[in-house]
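Below you will find the structure I want to go over with you.
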């Protein structure tokens, strides 16, 4: 079975999730530049959430490009990933409204960790469905990124209780790791 | 006429329905772990609703894969199914906010029963449009799942008035029946 | 230029519009069957709006199936149609909350009339872009439906001031005229 | 890698953004024609926002039609454009609710300027990825529109502090410049 619908459905869900926070932005009352000030934490959360979901969409784009055929297991693994990603906007907003307090920052790490695990599961299922000469397996090689991310997220969750700033730094680090969609997949295709 | 638009439209509607409940989740006020507690029924309803709609999307995916051409009747049968599925999130939330009381649990069964009937109608229309050597007919064989589900849902609606837990058990049973998208369709394609 | 994006974008917008009213349905408070009663006007409006937009999607599906190439004018005519359709849910809800009073019923007719005119413009632009042996022109023949609808809607708007029930009857009549997507397009393709 | 997903995702996001303001329209209470009056600024903002986003979708449609292959940079440039476009509805509404006061009108110009810059970046990345005989480069020639728009927007932002009406006139001028999707792209394809 072809992957058209899997891609279309994922694009639909991600399009909704990535713009969901725009729905929460309320039109400022009044017209002075000062009315923008209370909007800033929300706007900043929106930008961060947009970037993180954009990183996931770009990598999902490259990942699924290596897929020829889908099966029931791939459909479920993909839904699993979409589920965790759908919780990114609200956890981002929770940080935004609480100025980097411990619990929201740790909760953010939990969601990102679950999404990273879900992405890894999807990746492994694609590799195993491609058999011995898996294009994806060749492309990602030793998959440093895929193995390091969950570890860094776990470290970030623990660090939140020492200082939320360490966690934020780790989230940014992982984001930078994945910012550039896999060049190796681009070259192999 | 090809099925591209039918699939794209269905994916759009299902993507919206499956994430609609995320829109309802409000950012917790405050930053202690205790503020998550009132969110739990909503989060749980979201997970359940997501899984049930995911099951329908996966089976819809396999069902439509057997279709070559569409006609007006198929378009309407599909819209009918999408309509009943669009009511899954709100009925799930109704249960979630009322801790398994009789009426919400029975109402949930009514919506699931209507969706199951709609799915069955769509399935039969596809079979009849494929003629004598219908690929789908061969794939589903005696269609135990398709015939058992409405019966189990009807039983669940009645059971709600005895004990809502029996209904819940029956909903879970039907979900497990459909969790694995039709392997026979996968093999036949 | 191919029509893929025009179709995908239309499917996205229509998917959102057709489910928008589900977002407005609030989870009933309490668990008795009586709490459903205040929801009924909203649910009924949702069903009516869903059916009307479903009729438009089905006919749009058949209309665009005759298109081979798109141009800037077609893109704008299609956006024009989507705009008027996006106002169907809110006008349907306005009727639903005001029990068939004159102004909401007349307003509904105005929106439907504008949508019908927009559909007709799109149809004519497709025909003229197909040249002398236009597939669509052959399929719709004398286009009784397309010419009658605006007239019937105008009559309905006027009738609202006599009796809103006449308007409703005319809206139902037009809906029935378009319920079956153009069989002639199906046969010609 | 093909551009299917880039187009589908963009269509999804733009479909949401273009209809987002419909979600904000509240059903008028009461049934007299007078209840529509407070809705008028919102409806007008919706129309303006719809037209501006429609202009962007049409031009994006033609722009991406010249693309054969995508890469990571294109994906990010496209996401960047979608981000700024997602802020068009809320800034349009801000003007609508403040009757053309200075700050909302200037803010609108800032968002439109960022979107224009993002569109220009995307355009240049496409041209550079197409190499020496770039189809898009030939089509847009000296790209008067693409170079004039940011300048006009900057002028509009400054003018807002003299008279918001000058800014509005400049926004309308730029909209008219882009209203007709690039005919040169249509001819070249």
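Quick notes
As written, the chain order gives the labels A, B, C and D, with residue 1 at the start of each chain.
In this section, a residue touches a chain if its C-beta (ideal position, glycine included) is under 8 Å from a C-beta of that chain, and two chains touch if they have at least 3 such contacts.
Everything numeric in this text was worked out from a predicted model, so none of it was measured.
When the CA atoms of chain A are superposed on chain D, the rotation angle comes to 90 degrees, reported as a multiple of 5. Because chain A and chain B carry the same sequence, their contact can be compared by residue number, and under half of the numbers here are used by both. Each chain gets one centre point, the mean of its Cα atoms, and the points for chain B and chain C are 26 Å apart.
A straight line joining the Cα centres of chain B and chain D is 37 Å long. Annotation for chain D: residues 8, 12, 15-16, 23 touch two or more other chains. Within the complex formed with chain B, the chain A residues making contact are 1, 4-6, 8-9, 12-13, 15-17, 20, 23, 71-72, 75-76, 79, 83, 86-87, 89-90, 93-94, 97-98, 101-104, 107. Touching chain A in their complex are the following residues of chain B: 7-8, 11-12, 14-16, 18-19, 22-23, 25, 27-33, 36, 47, 50, 54, 57-58, 61-62, 64-65, 180-181, 183, 186, 189.
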